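You will see two complexes here that share subunit A, one where it goes with subunit B and one where it goes with subunit C.
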Partner chain A sequence: MMELRLKPKVSGLSIPLEAEVISPDVVAGKTLREVEELRVYHGNRVETLSEYFEVEGEVAPNPEEQLIIVEGDVSWVKYIGAEMTAGKVIVKGDAGMHLGSRMTGGEIIVEGSVGDWAGAEMAGGLIRIRGDAGDLLGAAYRGSPEGMRGGCIFVEGSAGYETGTGMRRGLIVIGGDAAPFTGAHMNGGVIFILGRAAKRLGAQMKGNGSLIICLGEVEELLPTFVYDTTYTPTFMRIYLKTLSEKLGIKRAEEYIGRAFRRYRGDRAVGGDGEILVVERG
Partner chain B sequence: MEMMRVNGVEVEDTFAEAFRMWGCRVIITAKNQKWADTAAMEMTGFATSVIMCDCEAGIERRLSEDETPDGRPGTAVIVFAHSKKTLIEPLVRRIGQCVLTCPTTAVYNGIPEEEADAMLDIGKRLRFFGDGYQVKMRLGDGWLRRRRFWRIPVMEGEFLIEEMLGAKKGVGGGNFIIMGVDEDSTLEAAERAVEAIHRVPGVITPFPGGLCRSGSKVGSRYPFLRASTNTPFCPAIKHTYPESQVPEGVNSIIEVVINGLDEASVRRAMAEGIRAAVEVEGVRRISAVNFGGKLGKYQIYLRDCLGGEAS
Partner chain C sequence: MPVYRSVVCPFCGCLCDDLEVTVEDNRIVKVRNGCAISTSKFLHHHENRVEKPLIDGESATLEEAVKEAAEILKSARRPLIYGLSSTECGAIAKAIELAELIGGVIDNTASVCHGPTILALQTLGESKCTLGTVRNRADLIIYWGCNPLEAHLRHLTRYSAMARGLYTSGGRKDRYVVAVDVRETRMKRVADLFVKVKPGGDYELLSALRAVVRGYGLDVDEVSGVPRDVILELAERMKKSRFGAIFFGLGLTQSEGRHMNIEAAIGLVADLNHHTKFVLIPMRGHYNVAGANTVTTWQTGYPYAVDFSRGYPRYNPGEYTAVDLLSRGEADAALIIASDPVAHLPYKAARRLAEIPTIVLDPKRSMTSMIGRVVIPTAAAGIEAEGTAYRMDGIPIRLKKLMEPPEGVLPDAEILSLIIEEVMG
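Let's look at the complex of A and B:
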């Protein structure tokens, strides 16, 4: 891949910068000069990328071959990799809100933590977050009927409120703890929680294969989730192997062959989604 | 007829006449090898020849835990039928009756979509057995190869089957016949041949133990019977049947029938089988069954399989 490096010239802006141009789709095929002149939005002002970043490296002819490395903390930059379709973005620090929102392909790696709405309504591609994620990870925007529709988000740390709200397809893996309302309004898709799952898990979850798998402790399940059985489903092996082999989560293999308690709901809305909780001991 | 010799055994310069068939590889996994094999054997029962069976099926090989999608022991089965259409029903029935019912089993596609000529919606059809409680399992949407499975609740737990199984145009009816001085040497040679054949990927031997002792010919003297014993190759009537093709000194003949997912695999399997068979003392001649080239799409010459090898 051809590497384009962006070095922040400033830090900790009080008004965040909107820079959806930090995407392989936007920069591919342009000259370095043209990349420097790309528009970014700072409050109500339209400015250029070069006012905030030093731009160096190579620009690829197409997005598939483009790697963008953002050096340092850019928690003040929103929409990095938004709507990207291919290529790769690496952020060597924290990133701001809406990272990878509505993306359909490619890969984003964030070595720090991310703000709210990361991967919101994404339909494809892979987002890896080494740190924590804010609220509404992979969620539906307000007024939108569907959240994440495909792709995978792997947060090695913890995730905030309403992760996967309105999720329809795809996979979210939370390596740490999950805040309340994770998987609310889900209508498809799979969420793995390796840490502690907080209250209101799967609230108003419908069906269509919606599945939340808890490998850690569960604070409390809604009473509208009905316990069915404790069993060792074969399909779990497929998911756990995928986590291990494709995402490098080796500890997932420890749960292969383990028994799970199966709950169905949310019966409050006639839902037949599932929450599977690993059996302790 | 011209002959070549392999390990001192006569090999007729003739061909096996084989047919275009559609094949589907099904991977069965279970808690242990015993149950994977049990399901595979049940599923491939009564599937020797499409003359009287709904399909031709056999076990390809056992699969180690590293080779299966769920990391459990498995058995690969290949099912053949005349067409894509006629392959669907036997698969649905056999998986439904023989694998779904077998404790701890799961079923996965054995031919990836990029290698398949068609994807058959077998799991999609079988899902209705769940009576509305089946659950669709999705994998890979938008970031890996997209796969779909169905989880069907059953009394023992849950049956898992992949939604689509890959099928491809293959070859059925590859064969050779082993002619020996007596039953024991002929059977031993045939057993060794089958053992060698099963080291070749992508092939099965659908007859019992891989062997067909009663090769058949088209038609009979009875109007109601469309196939009958292969009289020219029956040693018991070699001096009374006028057109007998049983050589002097030969008193037992066994046919090995091979179906494969491609012609190259069938050729290789025939070669491996013949080379193993001629190692047995008492084998006099190797030949093959054909219909004069009038019926089958493929004419697989023994000399070509063996690469003109002679010694």
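Let's look at the complex of A and C:
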């Protein structure tokens, strides 16, 4: 992959920068000079990328071969990798809101934490967050009926409120704790929670194969989720092995062969989704 | 001594329109039919007024203040326009025009009251009716997380529990009244059934009611502190009513769960409509907060939290809402219209307002006017200026002008027009 490095010239801007141009799809095929001239939005002003970043490295002819490395903390930059279809972005610090929102392919790695709406309505690709995620990770934008439609998000830390709201397909893995309303309105897709799952899990979950798997403690389930069985699903072995091998979550293997309590709901909406909670001990 | 009849009260979302106000020597001396709050608002209208335009606390002319305000807004990168719920619709429309012109963010106080309601309505839709329909037809009324006896004083007698209507000629006797709250308020005395719910447990209770209405059993003994029997009985009563209405307030919208609470309530009402007629009406606080949402929607497509920084409207509560914008330190100038955010917003947001150049348009002195860089007095809509306001059920009502404003003081819309002209140069 050809490497393009963006070094922030400023730090901790109070007015965030909107820079959806930090995406392999936008920079590929341009010259370095053209990349420097790309438009970014700071409040109501239109400026160029080079006013905020030093641009160096190489530009690939097509997005598949493009790697963008953002060197440093950019929690003040929104929309990094939004709508990207291919290539790779590495952020060596925190990133702002809407990271990888509506992306359909490629990979984003964030070494720090991300703001709200990361991976919102994404349809493909992989987002890996080493720190924590804000609220509405992989969620549906307001007024939109569907959230994440495909791809995978792995947060090593904790995730905020309403993670995976309106999720339709895809996989979200939360290494740490999950805040309330994780998987609300879920209508397909899978969410793994390795840490503690807060209350109101899967609120108004419809079904359609939607599945929330809790490997850690669960604060409380809604009264509209009903226990139906304890079993050791065969598919769990495959899932856990995949998590270990593909995403490098070695501790997932510890749960192979463990029994799970299955709850169905959300009956408040006549839903038929499932929450699986690992049996203690 | 002119006596104005059918005066509309510009205080709460009830917009009672049957007041009689007597004006003597350009001063209100008597109010009939008004509630205690309304009477007090009219009778003390002349007190605590901002008398002259101020720049940095010093008296200035209107022209100077407008010029200074325009300079502040023009040079800002992320200006915020906020408030709007206690002024008339013409001023709100002007504020939106200004927001677009300066590439700013416009938000109204709905974002700290019924904003979550709007989010939920956008997701699930709305089953609603006018307050007149409730008065004429409702035989089951549920007040959830609201206390109209202390906040919307004439709501019960004019529109809901006690009102006599076409099919409810017995008034209170013809209705079954339920109040749901986290503590025993005065509504307990009015209600046939008072349901005390654990703080932050509304979502669970609404979900359980919904499941029961859908015909599922409930295999827990209690939900959020409410016994199973009470839930089953309430669900049955809801299904058997001829016409049911849920009024809800900030106890539901601003407690844990926020818009998800309202989604659960809307879902419950939608499910109940398979059995009977049921509606849901938010208890809007400020008299024209519903108008602020309505005007913003018809002009921009979105009800609040609208960002014009890219030249076209974008909407995202949590990102463009005033509290978030201020607490994150994003806004670099603010124009506050008919609102007192310094007294009501969280500390961090209020402090930011004091740090940045803030322009305040208000008839009265307030905590916000005390921190304002530029303060411009305005004529109070509904007393010194005409205009339109929207009642909590979405009915537009024309406000009356009862008296002349102090000399040289203009209505919000006219001051905003002057600022727009100055910004355009």
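Here, the second predicted complex is superposed on the first by the 281 of 281 C-alpha atoms of A that agree within 3 Å, B and C clash if a C-alpha of one lies under 4 Å from a C-alpha of the other, contacts with A are read in each partner's own complex, and residues count from 1 in each chain.
Note that a contact is a pair of C-beta atoms (placed from the backbone, for glycine too) under 8 Å apart; a residue touches a chain by one contact, two chains touch by 3 or more.
Computed from a predicted structure; not experimentally measured.
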{"item": "Simultaneous placement of subunit C and subunit B on subunit A, clash or fit", "value": "fit"}
{"item": "Which of subunit B and subunit C A:86 touches, first, second, both or neither", "value": "neither"}
{"item": "First (subunit B), second (subunit C), both or neither touched by A:55", "value": "neither"}
{"item": "Partner chain in contact with A:4 - subunit B first, subunit C second, else both or neither", "value": "neither"}
{"item": "Partner chain in contact with A:193 - subunit B first, subunit C second, else both or neither", "value": "neither"}
{"item": "Partner chain in contact with A:252 - subunit B first, subunit C second, else both or neither", "value": "neither"}
{"item": "Touching partner for A:105 - first (subunit B), second (subunit C), both, neither", "value": "first"}
{"item": "First (subunit B), second (subunit C), both or neither touched by A:77", "value": "neither"}
{"item": "Vertex subunit A, arms to subunit B and subunit C (CA centres, degrees, nearest 10)", "value": "140"}
{"item": "Shortest CA-CA distance between subunit B and subunit C [superposed frame, angstrom]", "value": "18"}
{"item": "Residues on subunit A lying within both footprints (that of subunit B and that of subunit C)", "value": "none"}
{"item": "For the subunit A and subunit C complex, residues of the former touching the latter", "value": "14-16, 18, 41-45, 97, 116-117, 135-136, 141-143, 180-181, 184-185, 200, 203-204, 222-224, 226, 266-270"}
{"item": "Complex interface listing, subunit C residues touching subunit A", "value": "76-79, 102-104, 119, 122-123, 203-204, 206-208, 210-211, 214, 216, 218-220, 223, 256-257, 260, 263-264, 267, 308-310, 315-319, 328-330, 332"}
{"item": "Subunit A contact footprint on subunit B (complex, rising order)", "value": "29, 69-72, 104, 106, 135-139, 141-144, 149, 151, 157-158, 160"}
{"item": "Footprint of subunit B on subunit A - complex, ascending", "value": "104-105, 122-126, 149-152, 169-171, 188-190, 208-209, 231-235, 237-239, 241-242, 246, 256, 274"}
